[in-house]
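First chain A sits with chain B, and in the next complex the same chain sits with chain C.
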Partner chain A sequence: MTVQRRKYPILFLLPSLIFMIVVGLLPFFYVLALSFHRYRLTWAKPWSFIGLDNYRYLMNWPRFWNSVWNTIVFAVGSTTLEFLVGFALALFLARPFRGRGILRALLVIPLLIPPVSVGLMWRFILHPLIGFVPWMIKSVTGITVSFFQTGEMAMLSLILIDTWEWFPFMFLVLLAGLESLPREPFEAAYVDGASRWQIFWHITLPLMRPVIAVAYLLKFLISLKVYDLIYTVTTGGPGTSTETLSYLIYRETFAYFWMGKGAAMALVYEYMIILFAVIFVRYALMGARR
Partner chain B sequence: MRFESRASNLKELILSGLIYFVVATLIFVILLPIAWIVVTSFKPEPIVKQPYIWVFTPTLENYWHIFKIRPIWKPLFDTSIIAVSTSLLSLALGTPAAYALARYEFRGRDDLAFWILTFWMSPPVAFVIPLFIIFDQLRLLDTHIALIITHTLANLPFVIWLMREYINDVPREIEEAALIDGYSDIQVFFRVTLPLIKPGLMAVGILAFIFSWIEFLYALIFTSINVRMLTVEVTSYWTIAGVILGPMTAAIVISLIPAVIFAFILQRHIIRGLTLGAVRGG
Partner chain C sequence: MADVKLVNLTKIFESRGERVVAVDHINLYVKDREFLVLLGPSGCGKTTTLRMIAGLEVPTEGEIYIGDKLVNDLHPKDRDVSMVFQNYALYPHLTVFDNIAFPLKIRKYPKEEIRRRVEEVAELLRIKHLLGRKPKELSGGEQQRVALGRAIVRRPKVFLMDEPLSNLDAKLRILMRAELKKLQKELGVTTIYVTHDQVEAMTMADRIAVMNEGRLMQVGTPQELFNRPANIFVAGFIGAPPMNFFECEVKEYEDGYYFESEVFKYRISEALGKLVSRLGISRVIMGIRPHDVKVSRGPIENSIKAETYVVEPLGTETILDFKLGANIVKAVVPPTMRIEPGEEVWLVFEEDRLHIFDKKTGKSIYVLAGSEEH
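The block that comes next holds the complex of A and B.
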């Protein structure tokens, strides 16, 4: 029998909704309004309305597009590398062995430490003069490696640092996914004499698709917001070669105080992320749930 | 026959050897950078910048520096206050909302849940610009309240999503039995559901605590002197003017403490936490 109840969900929802509307949604409209104005924080002058000028400026500003490109390169590069490393390890270690609990607990640590500490730690370890890794490489192979000298190297270093921090996420999520798969399809395929490769390609991969989608898309979303690593490791350099959107917006608004331009950039950024989330992440989250 | 089984024994042996090799490599890769920072934090000043020195007499001078000369007590205290308040506030606001999303049928429920999540997906830098101006006018800059509010905004969506999953785990029949006994909706929530989801509340509360502890951008923009966050303090040792390396490594070590403490407790919940409840941990 079903009990008739549950009349006022709004009572339970109200505190959260009020909070999010006041602290989250109102500022959003504030930013929207700001993006149509010229306003510099250090000026006494009030906002002056300039219509779409901020947006027009952005469309023709190479530095803006450079940061969009860098953000995408970083997000695609780091997420893909982490996925490949994490999935390979999960496939290999999805079996009982001694020390599993300890390994799992250790792998959780990088996910829980402050990203700024991760950044500073690696900036020190990879430092050309006082770093441990360049010294090791030099004493073993005799080659001097500069991790942050060129734009490409700096971006690659950032991706590798991010991979150190986040591959455990991919590994743990995909391992949990592998272990929750039903056994029957695998047994049936084994009885039918399917090869390992066939089993992986026709059974494991299709069954894992929802979990892979969730892990990849959520991490991708997190990477698009990257800020702490850039701030601590490269500060966007050399030049602007590792400047991501978050970092450029921060610089425009809180170093040069161009609030209107910053607001326009923040909105474009926000729309890109929400659009991506509405198209992909929403269905991935629902698909994995059931 | 015998030959075959011996061959498969050998195969097993190689496989298990390979597994332990991979596991050992993994542990090495994860721990080496952390270990190097810990080692460096015990190095005396003259050799801090010399990576080739392994053997030395450990010293506490870097820790003495951060606790006495440039007290890290204040950031530790401020960060703890803000992280605990954030955690409690987001649980208090988020758990009832999660209950409504899990147990009530109403139109647009999934859309509402996703709308809530967009606040988690949005880049913090988009909130920083308006909130900086608003906090400035309300005289809230450089206060604990500014960070508790913004950290709660950042945490609330995932707290709601995650608590919804923990509430979904509670069989509806238990709640329905209580309703037949004459409990009201609100009594059911407080007296039946809440006690049953205590482990979930613990795990989500700890996660919210940690996410507040490690947050950086809001802390950097909204606070300066009155309130000092650990993540900002850690970055202040490496500036354009130069780096105070020894004390910085000591401060980094301090900033890692909650991660090390909670890694073991959280390992079963972390997967669920980071995938917003979509994937269950082992």
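The block that comes next holds the complex of A and C.
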């Protein structure tokens, strides 16, 4: 009896366990092994073991650190902006009024468009010669704006495009959070004499903290992995000013075929994401527990 | 301190073309320092009335005065009322101290005074040892006290309480009933208290306002409501077990006046008969409280024969159910009276214990006779 009891769970778990090993664990060890070797896909030479040389190279490679910095700037910038826009809209739309359902549905549309289409679409809209927005600005104010000419402008443009695409995510999660809050504390605070701002500051924000933390974390992690937007809008340019880590990894690995170096970067990247995830999850869960 | 006056207060909810009159032209005066209970079945509009006074609902029509001030358009902050909610509505992220301090904090009281007043209130409610805890870590009774503390800490003009005891277990509820009443008298704050529990209303109120279907049925002291219910609704709602009702026709014979139902003929006094006929009432509802039904083992004059149906001994008294035609009549008798199910008895209704209502309007004939005099 006891033997069977122990045998069956393992038996039932086996298929998914094998699946996990094949698609998760094996590739991970393959990449780990690769990162300790020099291996270029275009060379006839097989793998040659070089120890930590790939990592050592990365530590002293400005372009690598530049991409780390760009990734963080992009992730912090876009997530924060999306949070602000999404939360403001959620607060506004949490109240009942006519046509609320339609407005909510419309707001979610950007999220449904494939990212590559979003990138291309905005690339056209912001194009210095044929773009609608630069033309509009020029005809109204007379100022010529180039959205992709300087590094700062290009990064800002990317953040704005990402915000356009992703604010509905923040909006939906935060709206769901707002609507699941109990009504009574708000009524109590209202009768206690709190103003709208005081209710927001003392009641809404603290009660929403766990939801905010989770939404911010999720989108931040998604932002760290940004690739499609960079590829379709700026291809990392001008220069390397919008080159994020995932884009650099793609370039090194599949444009220049430096497989070992790419593998090392991918692992550093992974640990970076795990680090952020651990920090945020701990913060979010503790916030919820308190 | 202040009195509260409701003038023609009306609330109509409209959604998807459906109109619901929740509160229908209520006129009510609550005296300064009074404990007034709004009593009625669920959906009668009592909570909506309370929420309008609190400022949580906007009246469709009518006026609300607190003191001499018309408060219809005032923010709750300027009405100076405080409310205790049915499920306490504590701020889950704040400690007990901060919960109680909240109304003072948002009014920017000095820190030192906040601390002093919170501790004072905590002392009064015996929750001083809980000040550092979060609401989640408290029992229902303790949360109840914190909610009360938050209501009294800023010494408002009026307390509004929305079934504050209904989430407590029966034993604690009885305990808190007495405590709440004592507290209200000590603080001397005008209180409007909503409940559907008539026992709660009877035991706590200075006066009770009974509501049904958005309308005010009767306002009076518990004794007035019990002894002289103004209509069938109040008569049936107050008192346990509820009053017995019989539909009767008023008949005048050579030997006097009678109330005739399908199963009995009950002789009434000349004076009562004349009163009823003067009022032009042909059909009445005759009511008598179970405690007022006299049970006799043998036939006596003007008594009604009935068959014992159920016997419920409660220890201090016994509730008897009798079959009278298709009706069930309840009587409460001393436990010493031993009657078996199936036994035939004779019921005596003493005339001065009867409550008589006009079948058409449901109003008490005493109210009708009274209004005739004016």
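The rule we apply is simple: the second predicted complex is superposed on the first by the 267 of 290 C-alpha atoms of A that agree within 3 Å, B and C clash if a C-alpha of one lies under 4 Å from a C-alpha of the other, contacts with A are read in each partner's own complex, and residues count from 1 in each chain.
Basically, a residue touches a chain if its C-beta (ideal position, glycine included) is under 8 Å from a C-beta of that chain, and two chains touch if they have at least 3 such contacts.
Quick caveat, the model's predicted, so the values are computed rather than measured.
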| item | value |
| --- | --- |
| Chain C versus chain B on the shared chain A, clash or fit after superposition | fit |
| Computed vertex angle (chain A) for partners chain B and chain C, CA, steps of 10° | 80 |
| Partner chain in contact with A:Gly193 - chain B first, chain C second, else both or neither | second |
| First, second, both or neither for A:Met20, with chain B first and chain C second | first |
| Partner chain(s) touched by A:Gly262 [first = chain B, second = chain C, both, neither] | first |
| First (chain B), second (chain C), both or neither touched by A:Glu179 | first |
| First, second, both or neither for A:Ala44, with chain B first and chain C second | neither |
| Winner by number of chain A residues touched, once chain B and chain C are compared | B |
| Touching partner for A:Pro206 - first (chain B), second (chain C), both, neither | second |
| Contacts of A:Val140 with chain B and chain C, given as first, second, both or neither | neither |
| Overlay on shared chain A, then closest C-alpha pair between chain B and chain C (Å) | 5 |
| Residues of chain A defined as touching chain C within the complex | 182, 184-185, 187-195, 198, 202-203, 206-207, 209, 290 |
| Touching residues on chain A, where the partner in the complex is chain B | 2-3, 5-13, 15-17, 19-20, 23-24, 27-28, 30-31, 34, 41, 89, 92-93, 95, 97, 99, 101, 103-117, 120-125, 129-132, 135-136, 139, 164, 168-169, 172-173, 175-177, 179-180, 211, 214-215, 218, 221, 224-225, 227-228, 231-232, 245-246, 249-250, 253-254, 259, 262-263, 266-267, 269-270, 273-274, 277-278, 281-282, 284-286, 288-289 |
| Of chain C, residues touching chain A in the complex | 54-56, 75-77, 81-83, 85, 87-94, 102-103, 106-107, 150, 160 |
| Complex interface listing, chain B residues touching chain A | 16, 19-20, 22-23, 26-27, 29-31, 33-34, 36-37, 40, 49-52, 92-94, 96-97, 99-101, 103-106, 110, 112, 114, 116-119, 121-134, 149-150, 152-153, 156, 160, 176, 179-180, 185-186, 188-189, 210, 213-214, 216-217, 220-221, 230-231, 234-235, 237-238, 245, 248-249, 252, 255-256, 258-260, 262-264, 266-267, 270-271, 274-282 |
